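Some structures are shown below for you to check.
The two complexes that follow have subunit A in common; it is paired with subunit B in the first and with subunit C in the second.
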Partner chain A sequence: MSIDTSAAGVSGNRSGSAVIEFVRKPLVVALVLIVALLALGEALSPGFASLQQILRLSIVAALLGIVAAGQNLVILGGREGIDLSVGGVVSLSAIIAGNLMMGQNGGILPAVLVCLATGALFGLANGLGVTLLRIPPLVMTLGMLGVLQGLLVVIRQGIPSGRAAPALSQFVSQPFLLGLPGIIWLWLAIGLLMAFLLKRTVFGYRVYAIGSNEQAAYMAGVPVRTIRVALFMLSGMFAALAGICLLGYSGSSFANVGETYMLPSIIAVVLGGTPLAGGRGGYTGTMAGAMLLVVLQSILTTINIDESGRQMIFGATLLVLMLFYGRAKAMRG
Partner chain B sequence: MTELLIRGARKAYGATLALRRGDFDLKGGEVHVLIGSNGSGKSTLCKIVAGSVKPDAGEVVLNGAPVTIAGPQASRALGIGIFYQELSLAARRTVAENILLPELPATGGLFVNRRELDERAARYIAEFADVAGDGFSADTPVLNLRADQRQLVEIMKALASEAPILIFDEPTSALDRAQVDRFFEILKRLKGEGRAIVFISHRMDEIFAIGDRVTVIRDGETVATSNIAETDPSTVIRQMVGDQGELVAAAAAPAAAPGEARIALQVDRLGGQGFTEISFRVARGEILGFGGLHGQGQSSVLRALFGAASHDAGSVTLDGKPYKAASPRDAIAHGVAYVSGDRSRDGVVQGRPILENVTPIHFLRNRIGLVRPSALKDKADGPLKALKTKFQTIDHPINSLSGGNQQKIVIARWLIDRPDVLLLDDPTKGIDLQAKSDLFALIRQLAAEGMGIVLYSSEDAELLANADRILVFNSGSVTRELRGDERTRYNLYHAAYEAA
Partner chain C sequence: MTSLSPTADRNPFAAALERLPFLPALLILVVLVVLNGWFEPNSLSYRAITGLVSTYLALMMLAIAQTYVVMAGDIDLSVGATLSLVNVVVIVLMERWGGGGGMVLLACFVGILTGLACGLINGLVVAALRLQAIVATFATSIFFTGVALYVLPVAGTPAPAAFWRTYGGRILEIPFVFWVVAALALLLVLLVRTRLTLQLLAVGDDAQGAFQSGLPVAAIRIKGYVLCGLFAALAALCITGDTASGDPLVGGKMTLYSVAAVVLGGSALSGGKGTVVGSLVGALIIGLINSLVFFVGTPSEWQNLVQGLAILIALMAGVFVGRRVGQ
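Moving on, here comes the complex of A and B:
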């Protein structure tokens, strides 16, 4: 939706209300806030908004954005869809990838395949738990996160941490094409893929349909369960992909590297205009939401707020957003 | 002596006038029957007495003083006890707790007094002890009871209010003969104590067995109040029908010779949740009507045929081939379409564009994976035009349309690829007159083009005007078939209110 509407807003110079509506789009709000925060950062600490720095922030945002893509899909599918296990999958994937690569480029392909399969497997388990066993997504994925955390402890005791292949590290942090690192291109490609999936495939139509009115979708022949399982699998795969990229970013896998992704991935989705109730929104806004969060995080670091403070601020941000969207929903009805 | 008077009560929901002029008087020491067809305003009047609906105009006078009933609790405080037709029991609590749920005896205003609870509940349970059947006791969770036993708990709950005025809205629908007899004995005793009882039922024999007076409501107006002793069932039905007794000419039924018409759908002895032994045939080109009072199994049969509910007995053939839908998806693949009257629950995908709302069946039937909006718009255009749907652009959200136009979108989704059988489950509920007439014009045309159509409508006029044949449902079975000249309002009501 964001792609279509923003395009319409740019091309159309209709009435004033159209302008107001355009300005109130979550995507626009997020973009404006990004610029504002960059300006604030530049004022606080000159050099904050330098091209070099923005590029660095974009790489971090890309990592978050890839996780948020899966989170976005699960949330769009409605019925309180949420995936709290993404952080665990990111960590597990980073460890698996590191140990399969061991610093060798030849290990990249098998690592990618194994990691994606692992992510899909955990997503499948989440999806089956939610659809067949009717466990609420919050409980199901939280339980899965617990399983993953335990698994990580066991793995780390038995296996030395692996190292990223040089080509992967290069792909993530060095210029790849037109001066931009490969991961930025990957993120943009995922953005296009998500837009295509949601706007131009029947799968996408069905995701919105089950997110908005599951019963009506069922009565119209939509395979509700299959689609919901697919969404969780995609979420697991995106988290696994992010785990591989994270390994490339940090060079070697280490303890609970992905843990910090759970909350931000949800906030990025909501900031981008997809309500937690699902059925509305899209990925373009989520991309802006991810960038906004990373810039915010960087500013908080710049003004010497430590990790615990940042977590508190993120949590509070989510709650404030809920307030905002709760009201918007009531107005809609 | 208790006396409740309702004068000129009026209630509108938006543009729909549910009650035009409701008059009703209730005296102590009588059982007063309230009767009226679907949508006559009977339940609205009942809800006004119960305090759950506030009238727009008119007055409610209790024992000589005008009162405003602010809500269910207020009506209770005024001495009005109600039996709810929609079961209002707490499933995991015991029989005793449910009976006294509205006013649990408490110690110090805080702790439930178990002993008093059991003692008080036991009195009401004892009344039905020998007819309640197996597994019924004070400490049985309601969850474990049969439907008739639950209904008994509802009755006990109403009785336990010990209110001077008692309202029973279809209290006997699930009860067996002995239970009904016992209930009537109790009603007679309460009447003797001077209590005033409102009794709503669609069983003529019960009405005449227990009632003292009967008030008939038609089209939102009270038309007559008579003493039961001075009237008879035919007169009551005639009062419900009014001047519209003659045959409402249906559009010319297709004149296909019997045997020549191809049977689109044949149902043999279908049974399931809420219906038993249902058999009928629908020919191509025919509109078969389902009639009767609300909730007599009509929707359940249609939903079972569409795979949205299961059926456990009987067989169905579609175009001569055995057919059993495991899910709506399955039914759609077989060329069966279903339009629900509850469009916000079963039909509309809120907040999404019209295009997304009109295309899901097309995707499914053609195994489409990729969306080409321009081609889809062309496909959707025909059905939307045929239904005279009004919308700005197909990319606008469906919520931007009126109820009638939303329903047209939901119907249009079935018409991009023509189904063989169209099941209409009260499809015009809550939509405007223009939309209704557009819809029925199209349905007749679809039938003429060879579709087999089943139409359930809770609006009797609509059914009489549009169905070629009518099956009248009562308590989950078909009690009568009306063909040709038999399709009159009188016959429809007569069959619908027949003793079960």
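Moving on, here comes the complex of A and C:
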């Protein structure tokens, strides 16, 4: 998960600190918190932690987790990497897919191809702006978000919201293999793919290299620009994929569905142990982070308080959770 | 950082740009004013400009708010939520206490205290607890939105006439909003003269260096956030005057615009370089882009896209030109 496992090895001679190292691992923290929250939910409203319910939460988490995969890559690449345009791409992809499918299974393949290409295109634009023009990622993707939101208004004017193909809806919400829906398998596959990509390929090593020290990586011959553009393109494609799945989940696309994914995708990455500075962390933690966010939100909807109380508790809890992860070092003279 | 290099052998424009990083923004602003006047001569009338200022005064204030944290290399994604919270607090208090003049002023005062409190919370979370600013202020924005929804669950309560009549009215034949702008200018001049602006820039330029030269870095960053809360509260008073009603979600969309305005104004999000004047200009650029898109007769459904593209291009051009000339 975390690339700096060497730290645990060094301090291994003192078994106590090894345990502390293990317990402080973001993935472990997130998993423990997920289990604790599920137990709390079960206590508050029996049936919360039933298998059926956990499956439903996993589907919602998968949608967020797929967006967060791209976000994670961009953040790992460092230099203040962040992608604020993912929400817009999710919405755009959902409406394009809905219109290409129009409730027909035959439309799935063209929809997937067109949506992934669209996502890649916006990612390419972001990546070129960040690398060639050296616009800070936050600024570039913020501007792109504005463009996407405007584009959505135009598109919505002319065409209907579209309908998901039955096979897609089934893939997202019905059991597919071993009782798990297809989207869960897709998410797990993405998890394996990301782990392989980041930990076993040259591309992955290069991502960590440019994330932790871009100058050194450049000196060592890493094609820094190409990799960064690729990261933004992957982010756009993951967002587009999430948009297709979201269409399958909700049946038809509606206004700005994707907007709710923008900042939560960043939070999922942070709760998963990847600091926004990049160069450290990985996707396994992010998956747990996405699940943690979804379980937390779900628990808040089951307890009987009004929206204002829910938001206050959610915000405060996020702050407390963040105390576990990646706090900046105190200044020393 | 670059100010240490000898300036003699560089072109004078670069030197001017270093001292006044908002020059490109000013240029864009002038072009936009001319274009607005070209397509709709009435848009340069006294009346139209008054309207533009009273609509975008809130965004100008919010951009200033954002500037003080950006100077120190931080960011505040909760300014919109702070604005919403102050808006509903002021509206509800004015309704409870009756719409009398003194009570309206007292409500505004409580609103400003609310903004300061929000800023203080953000400052403590980011600078004292050392959480990452982007995600931490997003979390506080959720919290503030929750509090705003608690104070006023649904939009709608109207502001007392005394309040919005003043905001939209005139004093000594001069529109009230221009008095606000004058007072704002005075306040900004006073703030520029304090040591705080320089300290914020020092922290943003090199936090470690600032710390080692004895600056209380955490305290300075907290002050930046408190100042941000203050201006977000002032922005809320402007919004309340403009819309004359309470809405717990009114500021949500404005957060990202405030960041865009700061960047358009030539400030660097990485900190150490920024001016409030630039952010004011940046906010006006966004306002003028929006009105220009309208004046050139863009069909209504295309307006958002054209605005988005224009803002993206302005952002890219600003960052690009600013750096090219600065080198």
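The working rule: the second predicted complex is superposed on the first by the 290 of 333 C-alpha atoms of A that agree within 3 Å, B and C clash if a C-alpha of one lies under 4 Å from a C-alpha of the other, contacts with A are read in each partner's own complex, and residues count from 1 in each chain.
One rule holds for everything that comes next: contacts are C-beta pairs under 8 Å (C-beta built on N, C-alpha and C of every residue); 3 or more make two chains touch, one makes a residue touch a chain.
Computed from a prediction, not measured in an experiment: that's the story for all the values here.
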- Greater residue coverage of subunit A in the superposed arrangement, subunit B or subunit C: C
- Touch check for A:200: first (subunit B), second (subunit C), both, or neither? first
- Check whether A:154 is in contact with subunit B, with subunit C, with both or with neither, and answer first, second, both or neither. second
- Task: Using the touch definition from the top, say if A:312 reaches subunit B (first), subunit C (second), both or neither.
- Result: second
- Between subunit B (first) and subunit C (second), which, if any, makes contact with A:139: first, second, both or neither? second
- Message: Quick check on the superposed pair: does A:215 touch subunit B, subunit C, both, or neither? Answer first, second, both or neither.
- Response: first
- Task: Overlap the subunit B and subunit C contact sets on subunit A and report the shared residues.
- Result: none
- Mind listing the subunit C positions that touch subunit A in their complex? 75, 77, 125, 129-132, 134-136, 138-150, 153, 207-208, 211-212, 217-218, 256, 259-260, 263, 268-270, 301-309, 311-312, 315-316, 319-320, 323
- Message: Considering only the defined contacts, which subunit A positions touch subunit C in the complex?
- Response: 80, 82, 84, 129, 133-136, 138-140, 142-151, 153-154, 157, 263, 266-267, 270, 275-276, 306-316, 318-319, 322-323, 326-331, 333
- Note on the structure: Counting only contacts in the complex, subunit B reaches subunit A at residues 306, 308, 327-329, 332-333, 338, 340, 345-352, 356, 359-361, 363-364, 368-371, 413
- Quick one: which bits of subunit A touch subunit B in the complex? Just the residue numbers, please. 199-206, 208-209, 212-213, 215-223, 279-280, 332
